[in-house]
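Listed next: structures, encoded as structure tokens.
Consider the two complexes below, in which chain A is the common component and chain B and chain C are the respective partners.
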Partner chain A sequence: MKDNLKYVGKDIPMHDISEKVAGKIKYAGDMQLPGMLYAKLVLSDIAHGRIIKIDTSKAEALAGVVKVFTYKNSPDTRYNSHKWYVGLEVLEDEKLFTEHVRFIGDRVAAVIAKDRYTAERAAELIEIEYEPLPVITNPEEAIKDKGYSISRKEIKSGNPEDIINRAALVFEDRVETPKVHHAAMETHVCVAAPGPGGEITIWTPCQVVFQVRLIAAEVLSMPLNKVRVIKTTMGGSFGGKGQPVLEPVCAFLAREVDAPVKLQLDRTESILATRTRTATIGTIKTAVDQEGNILARDIHMLVDTGAYFTNGDAVSMAMGKKAFRLYRIKDQKYVADVVYTNTPVGGACRGYGSPQIHALSEIHMDNIARALKMDPAELRLKNLVQPYDLDPIGGPALGNARVIDCVTKGMEAFRWKERWQKPQNPGRYVRGVGMACATHGNGYHGGYQDFITMSLRMTEDGGAYLNAGIHDLGCGTVTTMKQIVAEVLDIDVDKILAPEADTLVSPFDIAGTQASRVTFVCGGCAMKVSEMVKEKFIHYASKIWACKPEDIKMENGTVYKDREKDQKLTYGEMIILIQKKFQDDISETYTYTSPANPAVYAVNFAEVEIDTYTGLVRVTDVLAVHDIGKAINPGFVEGQIQGAIQMGIGLALTEEIKADRNGNISGDRFSKYHVINAPDMPDVKVLLVEEGDEHGPFGAKSVGEISTCAIAPAIVNAINAALDINVTSLPVTPEKILKALKNKRERQQTETILV
Partner chain B sequence: MEEMLFKAPNDIEELVTALKDADANTYLISGGTDLIIKLRKNRIYSGTIIDMKGIRSLEYIREESEHIKLGANTTFTQIINSPVLQQHAACLAQAAGQIGSTQIRNVATVGGNIGNAFAGADCIPALMAMDAQVKVICSKGETYVKNVADIILGSGKNSLRKDEAIIEIQFPIQGAGGRTAFGKIGSRSRVTIAKINIAAFVRLDGSKKRIEEARIFLGALGPRAFRSEIVEEAMVGRTISPELFNSFAAALTAQVDAAIAGRSSQEYKREAIRGLADEVFCKLFGDLSQEVKQDER
Partner chain C sequence: MALELNVNGVDYHLEVNPRLRLLDVLRDHLGLTGTKEGCGEGECGACTIIMDGVAINSCLLLAHQARGKKILTVESLAQDGELDRLQKAFIDNGAVQCGYCTPGMLMSCKALLMRNPNPSEEEIRIAIEGNLCRCTGYTKIIRAVKDVVKK
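== the complex of A and B ==
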């Protein structure tokens, strides 16, 4: 790794932060185009049924209404919004507007009007008669129904069944994780406008412009070149805006009425009618020896993808693979059954299955430790993977996997031993600590194609222009890329222009901001293309000064021949000379293919305080330890982790989109769907293990998703340990805690009587 | 053409004038933290809004001989910070402190809170425990006084006519021996709607040992806050002691059972109310003796 870094490893502010803070940034929701119309969706209010009659006449009669669309006057094309590249084969079951509604929130119609309020009012005037169909919301019922049970995935190494059957110590757990909402501050929004030549432009806060283009083109039966997608400033996504939900709808509407259309959801619509974290019911069985060494493991995941398939298979595989990359387990089986339910649709959500699989495995690890009367951290240390271990199922090598360092350093910094052993006070408020480990990836290498093309040009005034299809989700992608370019070229970050993705002008990128690939893969490309530009610049400079390339020095925006520092030129002056003399441009375009996909690790330690009377839990202290390779921007890394802990506490304690038997949803608004807010946020301490990965730019690995994978089980473990209960259904609500405490009291009373 | 007429009276006289034209589509606003949401949700884009907030003369907290009077426009932040209320109506100051977020407390008013008549409103049980009355003015300029309980019909409905406005809230200063407290359970510690709330007023005898009088109100257990005879019976005439705490907690559980029997939330609320019992008991009597605080199961 390079020492004496000047830009990498520094806390440089986000490129647009002052504009954001000053309210100057225009988000898609702020956009106004001449003649722009407003669309409002009509969503199903029953969970399953067929439309017998749909009467739009009253809505159409309302002054200001331009047009109403339903399944009757829209394409019948089935698509899957999960499809992010052209060659991906997927089950296609979604339509723009459906006559067969499958959940409360399914798209039935859209109204276009001259203003938002008219559109809203007209939407309520649409009369729909349904033939109700049977509703299934419980995945365990769904799996028994042929129409709902859709896919099974299996991963296996060794022979776990035999070992488990023969083992003396086998432990079993069942862990449920809920559907949750991403809760980005910006609700889903899209603007689309038709052009005079039949083309469509879509402005959207998205994660993959080329995916949006692909889905819109497919649904509208248009060539890719007729659809232009421009990524707007993101007001938060967390995976929620990964799959195009509104974009094909909005593009269709704009084309049909031949005018710009804005479609913006309110909070309830965003919760119900976009995407959710996939709910799971996991069962896990582990054989261990007396010392706590894992002998074999058997995992089953029941994956509730909701009413449409989207990424049901992909998320099942993604979570399954993680189970083989945290502990050294040679003999292990993972099976996932994917089911439909008549509930909101699953999709990408920060961690992409990782928080779910780690909730299962990490709560289970603590239960094993309890049964063996071991310190749960020690149990993990016996079993965790080591640097450069291989993946037992043939996935990408783990690389410089430093999870053991994370545990040992974290134990020390958190004073784990001392706090873990501290006896409980008997009063109303009980404190306890817990910990958990997690792993995640760095892109698609090993699973899917993973490459990006970037162009970099040095400008005549000593700046640089990085043209790349990058998507900043508000986490600092643009500045991160600039820091990498700045470090290679040794120019100030502010002299670099790095606009975000626009399919018309950005070079192609296969996957966008997904799979924790941005810093590792896109950053890798930025570094490579910068090195190529630097080499070209030096090559010409050495010709101009008639010296060897190795004698050319670049420093802080200036170039000179070694030992002739007093005759230096600025980069810009040199570029002008090169242009005159060689008629060439100091630019390169490079397609970078990801060379690896090392594992990345997080270990979270949490302290909770439980009110044993009300069951309310406060997380009072968190330490997040990350095997990050190298933090390109430590401030961004810490920001990611702070936010990820906030999301993870919600998953552990409060957040849930819950469907009753009829598919009615509770938690469809923020007064009833509680995210953790500032007064309940603990002080989150961050500890980075920076041992460098050989393939990452400057050694960097991912942080955006891994940061939310270990916190929920760490909290649940702390609660269960402190109260000596075993709640394994997330979120661990006050209701569940009081019920568990009551059961424990009753059990103890029975035991006392029996004794 | 739809039109929302906005009237902003600056004093009581202008308010009365504005009320003269009030019809079914007239809405009083005083802070608006609930009304704006209701208008949006119900897609009400026409009618008349009378904004009370401009009447600065309705923003006061006054101690007058035997009464405390609050102008209807008094915000929750002003209530929280009022030494007078902290001294004479701790339950009201505590309840105000638990409402919504800082931003909401800075804007929302006590008059609006009563008019909104939300079942889980935090201030309402506190006002009821204080025996509060509401002064109402009508379009004829006449004023009359009503009990809070008579105004609140529950579940967001009040008994006021469209040409009536709340202008003042008043309650008697409780003499010697009076103590009050408020407690609330939500689903997180702040910015949360009550699952249960309690406001309690008790009067101790001269020896500060025996409860002479009690008014206990519970909110969020029905369409509106109500007075709990079950709990009061468990307290009046009793001596402050750990046993009293147990009776108090048991009575609250019994009250929850009676109020929401068979509801899915009963199982949780009947247990969790013990937390409120503990909190309110400590707030009421914590200074009297160490031993009252202990509660060992």
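== the complex of A and C ==
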């Protein structure tokens, strides 16, 4: 780890924060292009059926309507929007517009009109008659149906079955996690425009421009080079804008009507017709010895991918792998069954399966601790992985895994020992604490190809231009990259230009902002290419000054020969000399392949207050401890964690997209879908363990996803411990708490009678 | 429908569809796209503006209901190219991530400070209870407002 860092580790403001507070920054929804038309989707209002008749004539007759599209006049191409690189094999089951609707929210038609009010009115005039088909919304019914049960994934190490069969102490739990909406404040939106040479340009708040290009090109049967994708300012994504949902539709519409088209969803459409967090029903069985050492574990996940497959397999594997990287368990089996249901579609969502698997494993760990009458933190300390442990299933080495430090430091900072098992207040309001651990990754190394190309050029005025296909999702990616470049070259961050991804001009990147890879992999590339540029600059400077390269010093935008500080030149002056004398450019292009994929860890401590009359829960205190390696920008890291905790509280307590037997959805708008607001949000304290990872830029590891993986189980554990109940179905709503309290009272009364 | 509106100190004479919400007129007719739409039902606060000193959701108001009122949008906060102290405090405290909720958040906080220059933390939290943010967890936003109060 480098010491005396000047730019890395500092709270430098986000690159576009001034425009953002001024209200001047433009999102895709703010865009206006000459002659732009507006599209409105028509979504299925039944959960399963076939279109018998679709009458668009009234809509087409409305003044201002340009055209209506349905399955009848759109490509029949099936695709999978999860496919993020060309060689990925995926189950392709989605179409632009379908005649066979599979959930409430499935795309049936689109209207294009001169303004959005006309488009909305016309959409209402489309008459559709369906032949209804049987609806399955419950994954446990779906798994029994051949047409719905689609895939099984298995990971195994050792021989867990034998050990569990022989063990004296075996514990079992079942944990359910709901479908959740990402709730980015910007709803899904896209603008597309045809060009004179038959090309299409797509402006979109996306996470992977090259994925958007790929999907749009596949669906429209166009060469990759005819589709240009420009990433716009992101109004929040959290995985929700990861898979291209609107982009292929909007590109198709723009091409067909030969005019720019804007397609923006409203909130209900964003909730129903884009992507959701994959719902799961997990069962877990663990054999332990009397001291609480885990002997073996058996996990089954029923994964509800919704009406289209998208990333059903990938998310199942992602969550399964995590089960092997938190505790030292030699003998363990993980099986996932992926099923369709007639409900909104699953996809990437912050944590990509980690919040689900950790809800299962961490609620279960607390139940084991309760049964063994152990402190749940101590139970974890006995079993957690240690630095440089290997992955028992042959995945990437864990690296400098500091989860034990996170637990011990967190216990102290949270005063865990004092607060845990404090005598309960028998009154109406009951307080309790809980904790949970989680792990996540740093990119795709070990699973998929993971590389990025970047170009860096030092400019004649002493600045630098980083050309890279990066996507800032509002997390500060651009500034983070600048800080890394600045640190290597010793340049003012404000003198660095680092535009965001545009497939026309950005060098290729294989995976975009996914898999918590940006700081670790893209940041690693930014560091490497900066070092190469620095070496080139120093090489020529040493020739000009006829000295050894090691005698050249670069400092704060100026260069000088060792011990001759008075003869210094600015970087720009030196570059002009180099250009004249050697006719070369101080630039490098480098393709960086991720060398590793260390584990990253979070440990969350939470305090809750439960109103036992109403079942309402308030989270009153949270401490988040992170094994971050090194925080490139501590303020951004803190911001990521505080936001992620808000998302996780929602998963624990209030958020759910719930389908009834007929596939009707409750929670399809913010008045019925409860995102935690400011009065209900605790002040989140953040504690960083910065022990550095050898492969991360300046030691850095990921934070964006891991930060939302441990909080929900920590809260559930706090509730269960405080009330001595065992609610394991998320979200833990007041109804579930009151029911559990009632059951407990009845149980106690029965016991009293028996005594 | 003829509509006279006073927005950010400027009088506008417009001809608009009577069905339009104030939000639509601000964005589509006046080009004031700082004000955002996040839910269209008054739950998220992204469209918050100040009308006669009170923070309101511009998605819940028909444009003609704003006749004769003084409307302030996020674009009014900076004066002569200099950001308002509230905007500066948002920058200093890193209270912005994706920025989509920021204009509404700023306007709710501004309305609070206009009527109560010395709010408690609880009052700040209540002032933004109708402004949802998915990025920040609110902590830094509240810190920013407290900073303004302190100064």
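Please note the rule applied: the second predicted complex is superposed on the first by the 755 of 755 C-alpha atoms of A that agree within 3 Å, B and C clash if a C-alpha of one lies under 4 Å from a C-alpha of the other, contacts with A are read in each partner's own complex, and residues count from 1 in each chain.
We adopt the following convention: a residue touches a chain if its C-beta (ideal position, glycine included) is under 8 Å from a C-beta of that chain, and two chains touch if they have at least 3 such contacts.
Just so it is clear, the structure is predicted and the values come from calculations on it, not from any experiment.
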Contacts of A:Asp16 with chain B and chain C, given as first, second, both or neither: second
Which of chain B and chain C A:Pro734 touches, first, second, both or neither: first
Partner chain in contact with A:Arg428 - chain B first, chain C second, else both or neither: first
Which superposed partner A:Pro679 touches (first chain B, second chain C, both, neither): both
First (chain B), second (chain C), both or neither touched by A:Tyr613: first
Touched partner set for A:Thr654, first chain B, second chain C, both or neither: first
Contacts of A:Met234 with chain B and chain C, given as first, second, both or neither: second
Touching partner for A:Ser671 - first (chain B), second (chain C), both, neither: both
Which superposed partner A:Tyr117 touches (first chain B, second chain C, both, neither): both
Per-residue touch tally on chain A - higher for chain B or for chain C: C
Footprint overlap on chain A, where chain B in one structure and chain C in the other make contact: 117, 671, 677, 679
Chain B residues within the chain A interface of the complex: 43, 45, 185, 187-193, 267-268, 271-272, 274-276, 278, 295-297
Touching residues on chain A, where the partner in the complex is chain B: 117, 120-121, 124, 426, 428, 611, 613-616, 618, 654, 671, 674, 676-677, 679-680, 733-735, 738-739, 742, 745
Residue numbers on chain C that touch chain A, as the complex places them: 17, 19, 27, 32-41, 43-44, 46, 73-75, 77-78, 83, 87, 90-91, 94, 96-103, 106, 122, 124-126, 128-142
Residue ranges of chain A touching chain C (in the complex, touch as defined): 11, 13-14, 16-18, 20-27, 29-30, 117, 182-187, 233-238, 266-267, 473-476, 635-636, 638-639, 641-647, 669-671, 675, 677-679, 681, 683-684
